[in-house]
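The following blocks contain the structures, represented as structure tokens.
Same chain, two partners: chain A is paired with chain B first, then with chain C.
Here is the complex of A and B:
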């Protein structure tokens, strides 16, 4: 059987590689422009053009959904692939069955949930959900958007597990609905691009009325793209959370290999 | 001593990359290894945000400030924003791989892994 490299040899190799790279890193660091005084031609061009051209005040959203919207489409499908991978890896062994029996470790009892935790989760969950929607809606004006908002929404849903346990999570969060959210979000984003193509415009070119600068519903097509990202990120994270929560359960006898 | 604050961001990024790689090289537990990978990933965030920084620049949001106010680079912020979210799901994917590995082989030690036998 071929033996791998010993840890010591690997460490020596790592140190040698580090010594080889170090002079280059030092050279680059010493020849960078003064920190805080870099020329930023790309960013400055976007800062100058986007408020007038796209009628939105959040430049990060302008980059994500318009100027580099195609890049975000790629990110969307990376997200979809990673979530699909988690689902396939974790479902493979337990089939479609959902046992609600919690897994136990000998010598480690499962203490009952304290009332304080339940109260905080019941109070905090809806507030976090609302805050997530607020952040997701304000993509065009203030620091917000589907990426941040989707993660906050999914985190609010995770409080259901903390407060009401696995049963509560499964009653409230249908995994089929979350799968649909994830897929539909990515599809909605792609559909925005193809809608532009059907209208004889370049891919993802905005064709809807742009609205007034600083208005919550300015930005035209970017609003729909943002909704797609919110659905995809929120749904995707909820699917991933659900899969990991199922791992805390005992595998039903029927699915044991 | 204006050299030190100028070098600091690049030194932090290089240090994060270095300690992360050191952790990956010496790791004896795959969960720890994924933590180290996240540290390596963070070094790129430090680098990107430092490159896009401008002294005295506002955040690239022209809601209360009028358009035209000197602002930092929105490009790097957009890149980091999407990467943080996608990186989290990729970390989840790696953790799922490790769960399966632990079920199949009963170990999460990279040193204990051997090539699959037919």
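Here is the complex of A and C:
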């Protein structure tokens, strides 16, 4: 709080600011389209065109991987940058060492895991993993896709930490492998675009057979792009989870600030 | 608007207010996870399952986990065992 700012002054300031913003808010609120109405033609156009043009039944994937595929490339590399940033920041904090011992909070003992938690994690983990794969694989036919599937897979892997602790997580999720997944996924997506260019087509233009409408493997090049996104998102989230989980461990002796 | 949608909108408002009114960070993280869950249900009811999947995974698993880890690590003594703190 700046010097001289009392709760009373703050309230007055808030009231003044509220009065200034109020006309704008009212104007927007009164001129919003009706609930459920969608006045823009874009969605209807995609719904009409995509099944015929791209042989997809999941229009969101058609937009993400084809009509606006270039945007997704940007998002892919945004994710890569974010994951790299987290990795660099946290690694700089604690060095390269990987002590497995948990840090202690004064006055709070670490109780052993109950059998129930371990059982639920062991049963639920594989099911969630399978569901993530299902969502990622069915990107072209049913709702979901690489991003959602990848995040669900990484969340399923997180149950390893909940059920088996940091050691279990580290044994099963190799950080180097996850780094590779993240990088390779983003590279695969970009490679799809450059493959089109090499074939004298516009960037990311589909050149593979599109398959039958409603088939699991319809969509041609979009399938490969989707695999790239799944790898990148699953790997990226696992890397970030891993880096954060390391922040609850003892800082290795060798590390000097 | 159906009863289901009205109920979900109401729940969204209530759980969102809950996030704003929670005082300690740990309560706030859990309130945020509940809010994410309600939002996911709302997206599902509004026929946007794509967004609902992402909201469930990011809003109720990934984000709360990262916040909880940060809260834990700020309270922890992470100096090497047996050494000077």
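Just so it is clear, the second predicted complex is superposed on the first by the 237 of 257 C-alpha atoms of A that agree within 3 Å, B and C clash if a C-alpha of one lies under 4 Å from a C-alpha of the other, contacts with A are read in each partner's own complex, and residues count from 1 in each chain.
In the analysis below, a contact is a pair of C-beta atoms (placed from the backbone, for glycine too) under 8 Å apart; a residue touches a chain by one contact, two chains touch by 3 or more.
From a predicted model like this one, the values you see are computed outputs, not experimental measurements.
Visitor: Could you say whether A:14 touches chain B, chain C, both of them, or neither, answering first, second, both or neither?
Guide: first
Visitor: Can A:141 be said to touch chain B (first), chain C (second), both, or neither?
Guide: Touch status of A:141: first partner only.
Visitor: Just to be sure I read the superposition right, which of the two partners does A:194 touch: chain B = first, chain C = second, or both, or neither?
Guide: After superposing on A, A:194 lies clear of both chain B and chain C.
Visitor: Under the stated touch criterion, name the partner, chain B or chain C, that contacts more residues in chain A.
Guide: Looking at chain B versus chain C, the one contacting more residues of chain A is B.
Visitor: Which partner chains sit in contact with A:250 here, chain B, chain C, both or neither? Use first/second/both/neither.
Guide: second
Visitor: Could you look at A:106 and tell me whether it touches chain B, chain C, both or neither (first, second, both, neither)?
Guide: Touch status of A:106: second partner only.
Visitor: Based on the superposed arrangement, let me know which partner A:214 touches: chain B (first), chain C (second), both, or neither?
Guide: first
Visitor: Based on the superposed arrangement, let me know which partner A:25 touches: chain B (first), chain C (second), both, or neither?
Guide: Once the two structures are laid over each other on A, A:25 reaches chain B alone.
Visitor: Contacts for A:240 in the overlay, against chain B (first) and chain C (second): which applies, first, second, both or neither?
Guide: both
Visitor: Thinking of the overlay built on chain A, is A:37 touched by chain B (first), by chain C (second), by both, or by neither?
Guide: First partner only, chain B.
Visitor: Would you tell me the residues on chain A in contact with chain B in one complex that are also in contact with chain C in the other?
Guide: On chain A, the residues that contact chain B in one structure and chain C in the other are 35-36, 60, 143, 145, 147-148, 151, 237, 240, 244, 247.
Visitor: Using the touch definition from the top, list the residues of chain A that touch chain B in their complex.
Guide: 1-2, 4, 7, 10-11, 14, 18, 25, 28-30, 32, 34-38, 40, 42-44, 46-48, 51-52, 57-60, 62-64, 68, 71-72, 75, 78-79, 82-83, 85-86, 89-90, 92-93, 141-143, 145, 147-148, 150-151, 214, 233, 236-237, 240, 243-244, 247
Visitor: What does chain C use to touch chain A in their complex?
Guide: For chain C paired with chain A, touching residues are 1, 49-50, 53-54, 57-58, 61-62, 65-66, 69-70, 72-73, 75-81, 83.
Visitor: Which of the residues in chain A end up touching chain C in this complex?
Guide: For chain A paired with chain C, touching residues are 35-36, 60, 99, 101, 103-106, 135, 143-145, 147-148, 151-152, 154-155, 158, 237, 240-241, 244-245, 247-253.
Visitor: Looking at the complex, which residues from chain B come into contact with chain A?
Guide: Residues 5-11, 14, 18, 21-22, 25-26, 50-56, 59-63, 67-68, 71-78, 81-86, 88-90, 92-93, 95-97, 99-100, 103, 111, 114-115.
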